[in-house]
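Each of the next two complexes has subunit A plus one other chain: subunit B in the first, subunit C in the second.
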Partner chain A sequence: MLSFIRKRSLSSLISLIGLLVLVFFLSRLTGDPAALFLPVEASAEMKQQFRELHGLNDPLLVQFGHYVGSVMTGDLGESLRKARPALDVVLEAFIWTLWLAAITMSLVAVAAIVVGSLAAFRSGGFFDRFSSMISLIGASVPDFWLAIVAIVVFSIQLAWLPTSGTGSVLHWILPIAVLFVRPFGIIVQVVRGSMIGALSSAYVKTARAKGVKAGPIIFVHALRNAMLPVITVMGDQAASLLNGAVIVETIFGFPGVGKLMIDSILQRDFNVVLAAILVTAIAIFIMNVLIDLAYALLDPRIRH
Partner chain B sequence: MKRTMVFGALMAASLTAGISPAAAGSGPIKIVLAEEADLLEPCMATRSNIGRIIMENVSETLTELDVRGKKGVMPRLAEKWEQNTDGSWRFHLRHGVTFSNGTTFDAKDVKHSFERIMSPKNACESRRYFGGMNVAINIVDDYTIDFKVDPAQPILPLLMSLVTIVPEETPLEFIREPIGTGPYKLSNWTPGQQIVLSARGGYWGEKPQVTQATYLFRADPAVRAAMVQTGEADLSPSISQLDATNTKTDFSYLDSETVYLRIDHNIAPLNDVRVRKALNLAIDRQAFVGSLVPDGAVLATALVPPTTLGWNPDVKVFPFDPDGAKKLLAEAKAAGVPVETPITIIARTANFPNVTEIMEAIQAQLQDVGFKVDLKFVEVAEHEGYYSKPFKEGRGPILVAASHDNSKGDPSFTMFFKYASKGTQAGFSDPKVDDLIQRATAAVGDERAKLWSQLIAYLHDDVVADVLLFHMVGFSRVSERLDFKPTIATNSMLQLSEIGIK
Partner chain C sequence: MADHLLEVRNLSVDFFTAAGVVHAVRGISYHLDRGETLAILGESGSGKSVSSSAIMNLIDMPPGHISSGEILLEGKDLLTMAPNDRREVNGKRIAMIFQDPLSHLNPVYTVGWQIREAMTTHGMAQQEAEAETLRLLGRVGLPEPEHAVGKYPHEFSGGQRQRVMIAMALALRPDLLIADEPTTALDVTVQAEVLALLKELQRETGMGVLIITHDLGVVAEIADRVVVMEKGVLVESGTVREVYKNPSHPYTKKLIAAAPGKGEMHRPAVKAEPLLVVRDVRKRFGAFDALKGVSFDLAAGETLAIVGESGSGKSTLARMLLRLDEPDAGSAHWKGRDLFKLSPAELYKLRRELQMVFQDPTQSLNPRMTVYQLISEAWAIHPDILPKAKWQERVAELLVQVGLSADHMGRYPHQFSGGQRQRIAIARALALEPRLIVCDEAVSALDVSVQAQVIRLLDQLRRDMGISFIFIAHDLPVVRDFADYVMVMRKGEVVEMGTVTQVFDTPREAYTRALFAASLDPDPDVQAAHRAARLERAS
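Let's look at the complex of A and B:
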């Protein structure tokens, strides 16, 4: 197992370095941060001074050398816009995103597995058709629309929840509810499909013939075998949440990493972009390792 | 017994109600803004997302511009000023002023503040207002300071309204905790969430009614409007026109943004004045107002709003005259001007409300009179590349849709950059324009206003410099518990001391 993790870490490290090199040069291709930091009226001399101050006048390779040097010592540089360490800025935001993603995905996993399994158990029945409709709507509804409607209904009309922001448990409910919908819709479908396969297999028929009750059949015998594709899709969905839920963060004023990353790209705050990519890439790598471990746990064929 | 208690409670309630007008009128408020301040650096306060929070609230200036009345430049940290015989300016500073860190304000702080702005060790934005000037500062005594500027600056007192004063101990590098002489001090800053300013004791001026201001940031205008409606915030200086439906809380105000199409006169067919006139005649500006552009917007004849010195009431908006435009184009074509060359309008995504629809309508109106027009939307960084010099080699004829903000009362903040040969966004070069700008910049009083008026007329009627469109209005939502009307300066500065609590 350890050697497996070691191998994965090494290959991930290589792709991470490749990614950082690529982003370093690509981001610099977008142009000059001075033009965005300073107002349009700023003189060429002021822009020149700004570039000098931030080492942007050096040849690209020299800048890259400096960057690599400081990354080696754990220094990811300073944010141009915020005049503070880029890593601090990113970690501050990433904690929020991590919590948001973790809570949302946990709720999605429980809800989707229960609903999907029950739908599969009586496939073609009322519950199946009902849940299919709900999950289809969930998977296709645009989240910006859902977010605004949720605010209008729950904050303005009913006045149950705050419109946006942070500060109390109540503030988390709407963003999580909105983020919940799409992955839930997608994963219910996957669970259902996978369960139908598992439920029609020979060992389930045997169990039924032996008089095992529906509950244990679904949740003990079939589910474990049906989980492998579900975990893959859940990993995908979780990764996209870890990259930041830009729209939900923007509408709810939630200080996550998605909006930070978009703003930093638009403002050419290169160090923040690189730090954000580094942090999210590491998080996604860790998550992938966890998914592999989960595979191994669930399926002895992989373990051995 | 029970009845007595109810009676007593009622009495108490009515008493409180009776007293309340005197007892009310102070307390904390919450303000929701569209864009977070990424820095709270005093020398960056001329950038609107920073200035809206700290300008004159935390960091004060020697002078300030009266945007509510017509008093012009007014005293703030300077009590009075005069021009010496050698052309330098002498400022007499206010006594008994302290910074929020307890130190006393004097001439050394003013000198340091100015030198800090001009230092190459930082990227202070306010430096741009002093480009090309040589400034020598002389401290006469603790409360008197001379500024000798070469070339002489008749508007130096106005320029000083842009220089925020920091204590002399402030390092040259950017700071994160601004110390100022203002009525408020920074008491909490949680990046991404909130900034809190609290009123401080020991302020030299009148005690403001707002005791504490919490700034929140929401990018979505509908959410900002909803927050004031639900009471989560008391004031949102900018909401969308669509949400501005409640006459009790929602106000429109001229917000100092002027929208225009900058013409690149260097490339045919835009180098021909008939073609530029035809562009102007082809657009039905009035039809936009009340539809895509909010009611209350003013058709522009200059790049500066009507409250600016030297704004010229005699310059008339180009009429909507498609036949006239067609005729001019035909004339130009007959004279060999390649009027059929496709012209590209470059616009910036989300630059101002309805920018897409407005630009599409303008494109259609220009096409109606025979122009070939493409429309291209770009992000802010790319837009800047088209808007500012050096312009790209080998470019085609381009109109850049842009929005320009000048709430500072004097055209000099606009004219040099947009119209002088060396201006970074100037689409042409005209010696008469250069001369007028130079003379107006150096003039004072009525002469100054007259020269700016002349320039505005010449640019509009003779050069046909650009396609001026609208002075825009913004919408704000103000809770009924506040007594506050936004002004033309609200975009760049929001003085908490001007907010009353009912």
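Let's look at the complex of A and C:
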């Protein structure tokens, strides 16, 4: 098992190195960095000064060496707007996003697995058709529309919940509820499809021949086998939340990494944008390793 | 009169499908007592498994529907029991083992866990179940039970997995064991071991055994009585000897007549100039030596049968000859040119002379192509064989040649039966006018009566067109009817090679003799003699 983790981490490391290269090129080769980093109204002299200060006149390889060196020491430059290390600014926001994603995905996982499994158990029945309809709507409804409607209904008309910002538990409810809908809709359908396959499999027949009760047949025998595709899709969905749910965070004024990225792009705070890309990418890499681990835990055939 | 252990009375099962109602089982009745073995014999589609699924309450309803009848277990009707009481019967009073133990064991739990569950689900304490699991695994002959409990199904061989299934089924000492084709997927020697184990356990526990099979040999080996089913109807029943010696129903007669291994053996003419000369072919997969130097010759119009158990390397060899896999060493000269050294372009030209027919026509025929497309594709790839204007005509000809008709051309594979699909696969191979056809277990998946027809077809093609065959099989009686030469393989090596009469009548090697001894004869008297001889050898 340990060697499995080591192998997976190593292969992830390769993609991480690839990402570092990509981010570097993004910042150096997509135009004049001085023009990118400095405000639009900066003079030619200022740009020249900036280039010398940041070694932008050095050969590219030397620059790359410096860049890797500073990334390794956690130095991703200063935020131009906030005059603080860009990494600190990003991490602060990232914690908010991480919490939001973790809570949302936990709720989604539990709800989607239970609903999808039960729908599969009596596929074609009333519950199945009802949950299929709900999940189809959930998977297709646009989040910006849902977020605005939710604010109109729950914050303005009913005045139960705050419209935006942070501060209390109540502030979390609307963003989580809105973010919940799409992954829930998608994952219910994946769970259902995968469970129908598992429930009609030969080993479930064996379990029925052994006299195993319906509960353990669904949640012990079939579910664990049905989980692999589910986990893959869950990973995709979680990744898109970790990337920062840009629209939802912006609408609810939630101080996560998605909102930070949008703000920084608008303010041309390039160091923060790069730091945010790096941090969320690392988070997604870690998550992918965890997903691979979950595969191996669930299915012994993958371990060998 | 005391109740029978199991009595099925006038059972009818229907399935509602898109194409209408299928009457899978129509008013069948049979019974079974303690210590007795009843075989249900039938071909695919006969409904033989449906009645046992009904006994186990494994029929999905809908689409299934039990339209009439009773299933009495010691006088109590299983069909009218309360669901919870009904569930308690499964595993405790009646247990079941299946054809394919790999798919019937849950891949993500250890075998120890799965056997324990059979007991704990009926209320046994965890610790007791653990001890019992070890005992059971030892009893069914799995080496190192302490080690085996922690392993997963994929870590065992096919025969070992079936032993695990048997241990699980017998955990609570059921009164009745239903075995649905329990040895069909196993090698002959393993099949013999598993059947012997079942018999032994039956003697020990006195359970009744209901065995479902298509194989007359299995019936002869293990059953006391047999019922024969055809298209959902029970056409004949009696003791195994009665039914085999004096079948009364035409279907039973046909089934017994179709059993392979009774006809004249071929007596090949003096060895002609070889078409294919294979020398010292070797292949390794990682640390596994799949082929350790195999050599043989094959002349035009000859059939070489390669027999051996799983892992013997017979399919690897076939794939190599067609260059579907690359050998590590050796040569295979086809009309003087080494197949293994041909460039892709040369190979493309030569390929039409070497064709293959696979085991499972359901998988080897593209389900989204019509029969016409499947067969004519060969000419699209090799346009020099036939101008497009003549395709239609030639496909019709080929279909007639393999015993189908020209109006089958526009249909898709799923609209045919298994035997018909294999004929389509053969027609496809013939489209290229090959000189050699490699048949990899080409008749193993077919019913006995269909098998006989396909073998006759192949034999005719060989006579009429002088096609050579490499016929890979594990079923010895089929080989006996079709082959000129037989090559016995084991663990990547040739154990014995000779004419069919020589290998079958006077096998030289102990392994060949063991294979024959394990092979089941449909005649219960012959089989009884085999059994006696085996016991004598053992003691």
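Here, the second predicted complex is superposed on the first by the 254 of 304 C-alpha atoms of A that agree within 3 Å, B and C clash if a C-alpha of one lies under 4 Å from a C-alpha of the other, contacts with A are read in each partner's own complex, and residues count from 1 in each chain.
One rule holds in what follows: a residue touches a chain if its C-beta (ideal position, glycine included) is under 8 Å from a C-beta of that chain, and two chains touch if they have at least 3 such contacts.
Predicted model, so just to flag it, every value in this text is computed and none were measured.
In the superposed model, A:119 lies in contact with neither subunit B nor subunit C.
Once the two complexes are overlaid on the shared chain, A:221 sits against subunit C while remaining clear of subunit B. Residue contacts after overlaying the shared chain place A:201 against subunit C, while subunit B stays out of touching range. Contact with subunit C, but none with subunit B, is seen for A:301 once the two complexes are overlaid on the shared chain.
By the touch criterion defined above, A:274 reaches neither subunit B nor subunit C. Look at A:212: by the touch rule set out above, it reaches subunit C but stays clear of subunit B. After overlaying the two complexes on the shared chain, residue contacts for A:43 are found with subunit B alone; subunit C is out of touch. After superposition on the shared chain, subunit A has more residues touched by B, the comparison being subunit B against subunit C. Within the complex formed with subunit A, the residues of subunit B that make contact are 38-39, 41, 46-47, 120-123, 125, 127-128, 131-132, 173-174, 176, 191-193, 216-220, 222-223, 226-227, 229-230, 232, 379-382, 384-385, 387-388, 413, 417, 424-425. Against subunit C, in their complex, subunit A makes its touches with residues 201-203, 205-213, 216, 221, 224-225, 298-301, 304.
Against subunit A, the residues of subunit C that register as touching in their complex are 56-58, 87-92, 95-96, 98, 100, 103-109, 117-118, 121-122, 152, 154-155, 165, 168. Of all residues in subunit A, those touching subunit B in their complex are 30-31, 35-46, 49-50, 52-53, 79, 81-84, 89, 92-93, 96, 148, 151-152, 155-156, 159, 162-167, 250-253, 255, 259-260, 266, 268.
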